[in-house]
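Consider the two complexes below, in which subunit A is the common component and subunit B and subunit C are the respective partners.
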Partner chain A sequence: MAIRWVDGLKRGGVLVLAFVATAFFFLPLLWIVISSFKTQLDLFAIPPKWVFQPTLANYINVLRSDFRAQFANSMAVALASTLFSLLLGSLTAYGFSRYSLRGSSFIQFWILSLRFLPAVAVMVPFFLVFNALRLRDTLLVLFLVYNIFNISFAVWVLKAFFDEIPLELEEAAMLDGYSPLQVFLRVSLPLVRPGLVTTAIFCLIQSLNEFLLALALTVRAAETAPVGLAKLQTFLGTDWGRISAAGTLFMLPVVLFTILVRNELVRGMSFGRMK
Partner chain B sequence: MKAARSPLSDGAAVARPAAAVPAIPATSVEAAAGPSGVWLRRLFFVPTLIYLLVMTIFPLLYSLGVSLFDYTMGREARFIGLRNYADLLADPLVWQALRVTLQLTGMAVAIELTLGVALGFVFFQQIPPIPFLRLLVFMPMMLAPLVIGLFWRFLLDQTFGLVNFLLSALGLAPVPWLIHPQFALLSVLIVDVWQWTPFVTLLTVAGLGTVPPELKEAAALDRASGWMRFRHIYWPYLRFPLLLALLFRTIDVMKMFDVPYILTGGGPGNFTTTLSLLAYRYHFQFFQIGKAAAIAWVVVILINIVTNLMVRWLMPRAPQEQVDTGL
Partner chain C sequence: MARLVLERLDCWYGRTHAVDHIDLTVEDGELCVLLGPSGSGKTTTLRMIAGLVRPTGGEIYLDGRRITHLYPGQRGIGMVFQSYALYPHMTVREQLLFPLQAMRMGPAERQQRVQAVADLLHIGDLLDRYPSQLSAGQRQRVALGRALVRQPALLLLDEPLSNVDAMLREEVRASLRRLQQELRITTVYVTHDQVEAQALADKIVVMHQGRIQQVGSPQELYRRPANVFVAGFLGMPPMNFIEVEAISEGGTLVLRNRWLILPMPPEWRKDLPRALILGVRPEHLRVHPPREGDPMAAEVIVIEPHGHEMILHVRVHDHLLRCRADPRQLGFRPQPGDRVSISFNLQHIHLFDRTTEQRIA
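What follows is the complex of A and B.
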């Protein structure tokens, strides 16, 4: 009896802690979403208002501004870079999983180390080179640069997925007369489809979230949503209604993506090192 | 299924001799590929390796070159050898940025790991609705740091911010979060802790998922103390995920840019200017590109040193248990 009572207390304590922590990590986000439906007056009310007449004015403002084009830029670059990285990444990941290569472990380590490459280190040279080539402020440049990080991510995460396919399966396919290329295309690649989806979603999120290089390599035409958001906060004073609405719109796809990959968060966030 | 030896080396479960000798096929698939395997291998490796080499080695070398020039916008570039680096040593801005960066790194990593592990034990429980709450808690780390920084600028506003309102509700005085030097640094720290503690929690929950249930039951029967349980039952399974968390967090804080850029602009004064932010400002505000490149190289070298030390000192000595979680 006594032990059961203690267990119940423990359970309750754990639940309380879990709720407090969730409030700490989630309430700020909720507050921004709520704020995005407020009028200018309600936004700056003291004390802050929890009950108010909601308005869509901020969203209408945002959708009429440059933000729409910036959001489209973000999406276009993220999609293009994700597809390209998936293509090269799946080839190389399969190669590392099944084929030998001189210095394989060193090369894999090098590719992994790109995860740690500070963006600021490539900012200066890319700025100078693309400026000289008159390519600065184009989506092409962002595509080329984001590929670095996305390919290295795709290679590692997809390799983890390919490693899980039993060799026997591929051997059986070859006994059936498949060529090695066919084995890759018709047997292994379809089997890692969940891996491809996970990788794609993480690449999309990473590309959408990148800021420093987008800031340094764009001027106006190729500005992405984070750069546009950063510029909303300026000398004219900060329009928090607009920022919270634009921020909410920008968060939306990432939140949906996260819900889609909720079971693969560990694999994605650990660069394929854990499952 | 991943047997993970070190976070960096290849920890794949498919163990095979190091591929130093390409003549020996790695797998039966490769053996069967025969002569056409040469072409296949080119297809698998060449495009990626060329792309990554061209896009990383070239810019790094180029920026190393630039860092040896007095490269100021609107002036002829002039070779000055290591003068930029010598100037950095005498530049109080650089020393301050280095101190800010290291302070932030030390504090953020310490808090995130402690708090993250503790919360990991909470969120590992399967009591409903905890599995659902997990998803809410893991949300911040998926969002753009820039957007997060912007949101917190609003939340930490001295007059209208939610945080000061909550403090006043507790009877506390409003805090000049983004204006006061010490509080500004604390603000940057809070935002990083808020966004990335869940990352440590995620890896902890994953690690705890790998502890065999028999072990936990045995400990419960033995009535082992909390610390003993942690040290002998959980720690062997948490070591690898936490090393990974330590590595990722340390390096990411050391190159932090977005949050101080948008939250405080590096201010007041330069009290929250990190090395990355300083490099950006040397490039885009002072137009001294050579110096910007030199600072960027300092960041690269710093990160390399820290990574190497960590991997060398902390790498699990014995082969790690399989890291496979039901999460």
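What follows is the complex of A and C.
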């Protein structure tokens, strides 16, 4: 009886703690969403107003501005880079996992090492190179640069997932009459789906959030949303309403995608379903 | 309808000679068991037949066709893996359809084939389940179904019973044998379990250190083991081995060592090498009440009752022997620590050369 009581208290305590932690991280998001529906006056009211007359003015403003193009740029680059990283990453990871190659661990380390570099370190060289190639301020340049860290991330995550697949499954498929490519597409790839989803989310977030390289390599045509948002902070003042509305819109794709694949994502993050 | 021929098949793994130039013929419809301890090369041999391991040398013929270098899927072989290797993301029905889709077979015929295999293996009510929802015995049947659905010329089984509960194993073994005989499909079966091998095989191939030690029917191998390894590997409890010298005493051949004098019947060959190993199975040793002055006086160390029979571990001088005895025919009840006498049934002894370890008589 007493033990059950203590247990109940413990579980209650954990729940409260989890709730507080979640609230702590969730509050800023909530704040942004609420703010996006406030007028300039309500925004700066002290104490903060929880009950107010919501307005869509911020959204209308934002959608009439450059943000629309910036948002489209961000999404286009992020999606393209994510898909390309999944394609190249899964093939590369599969190769490393299944075929022995001279110096394989060295090459894998080299791929990983591309992620060690802080963006600041390569910003200037990239600027010079792409300027010389006349690729500055194009979506292509962002796509290329984002692939550097996305592909290396994809290779490492997916290799761990491919390593988990028993070799016998692929041998069985070979005996069932499938070529190596078909085995990859019909047996191995479906089995690492949680890994693909996990990789996709992280690549997507990484590409959408990237700021420094986008700032350095774009001017206007290929400007992405984070850079555009930052530019709303001017010396004449900051339009918090517009920033909140843009931020809310910018969050939506990732949130929707996460909700869509949440089951796979949990499996992917907790790993080891094969055994 | 297929006959499998292996010709001087050879395989190196780095510096390990996994399979050493083996020759083997498996006749059409035969169930051939590759038997040996782990590391004996039996699984490597199977995997070479399947095309999953590239042989270093030699040839493989199936039904007269050279398949040594064909892609696994083109050999017309079905295989059941030790782990069963069921695809976790497919239902049983999809698993069974999977090999047929690769054959580009019409949908109607595919369904028909799947149904036929499902009926044969009694897995019709499992078709919409995933492998994780099946018991070990059911998984084994599904794996067998997937191997058979293509109607292969040759069936390969890699320790298919090792994941089945001991209680079920005998039942599954019997149904496997019945199925194989019904389909008359040429089968190669790998196991390290001699009981399984003896229960199933038309032909047993005993392997050790990459070489074939002996090929024969279960009875042949049991009655006339070709060497010390085969003699010791088959039979439970294993055969007793005693080092003896062959000496001619007054025209009769005598096998002896420090504690044993065994005069042989006159018809025995006299030209034996001197250093021999005498092999005798536990059931061919007889235990008597102690006799005065018997040089083979023995002390009972352990008694293992096994229902209708018992295994006695006895010590003669410094040598341990295992005897199998029927308690009802023994006439007395030995206890650990008792003294007993041992005698040999000379019709059932085996002699091996001590240097080559090959059978002499």
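Following the convention adopted for this analysis, the second predicted complex is superposed on the first by the 243 of 275 C-alpha atoms of A that agree within 3 Å, B and C clash if a C-alpha of one lies under 4 Å from a C-alpha of the other, contacts with A are read in each partner's own complex, and residues count from 1 in each chain.
Going forward, a contact is a pair of C-beta atoms (placed from the backbone, for glycine too) under 8 Å apart; a residue touches a chain by one contact, two chains touch by 3 or more.
It should be emphasised that the depicted structure is a prediction, and the values quoted were computed from it without experimental measurement.
When the two complexes are overlaid on their common chain A, residue A:Ala57 makes contact with neither subunit B nor subunit C. When the two complexes are overlaid on their common chain A, residue A:Met75 makes contact with neither subunit B nor subunit C.
Legend: residue contacts after superposition of the two complexes on their common chain; A:Leu135 is shown touching neither subunit B nor subunit C.
Among subunit B and subunit C, the chain that touches a larger number of residues in subunit A is B. In the superposition on chain A, A:Met174 makes contact with both subunit B and subunit C. Once the two complexes are overlaid on the shared chain, A:Leu191 sits against subunit C while remaining clear of subunit B. Comparing the two interfaces of subunit A, the one with subunit B and the one with subunit C have residues 171, 174, 179, 273-274 in common. Of all residues in subunit B, those touching subunit A in their complex are 1-2, 4, 7-14, 18-22, 24-30, 32-33, 36-37, 40-41, 43-45, 47-49, 51-52, 55-56, 58-60, 62-63, 66, 119, 122-123, 125, 127, 130, 133, 135-147, 150-155, 159-160, 162, 165, 169, 194, 197-199, 202-203, 206-207, 240-241, 244, 251, 254-255, 257-258, 261-262, 275-276, 279-280, 283-284, 289, 292-293, 295-297, 299-300, 303, 307, 323-325, 327. Every residue of subunit A that touches subunit C in the complex is listed here, in rising order: 166, 168-169, 171-179, 182, 186-187, 190-191, 273-274. In the complex of the two chains, the subunit A residues touching subunit B come out as 11, 14-15, 17-19, 21-22, 24-26, 28-29, 31-32, 35, 43-44, 46-48, 88-89, 91-92, 94-105, 107-109, 111-114, 116-129, 144-145, 147-148, 151-152, 155, 159-160, 163-164, 167, 170-171, 174, 179-181, 183-184, 205, 208-212, 216, 226, 229-230, 233, 238, 240, 243-244, 247, 250-251, 254-255, 257-259, 262-263, 265-266, 269-270, 272-275. The touching residues of subunit C, counted against subunit A in their complex, run 50-52, 71-74, 77-79, 81-83, 85, 87-89, 98-99, 102-103, 146, 150.
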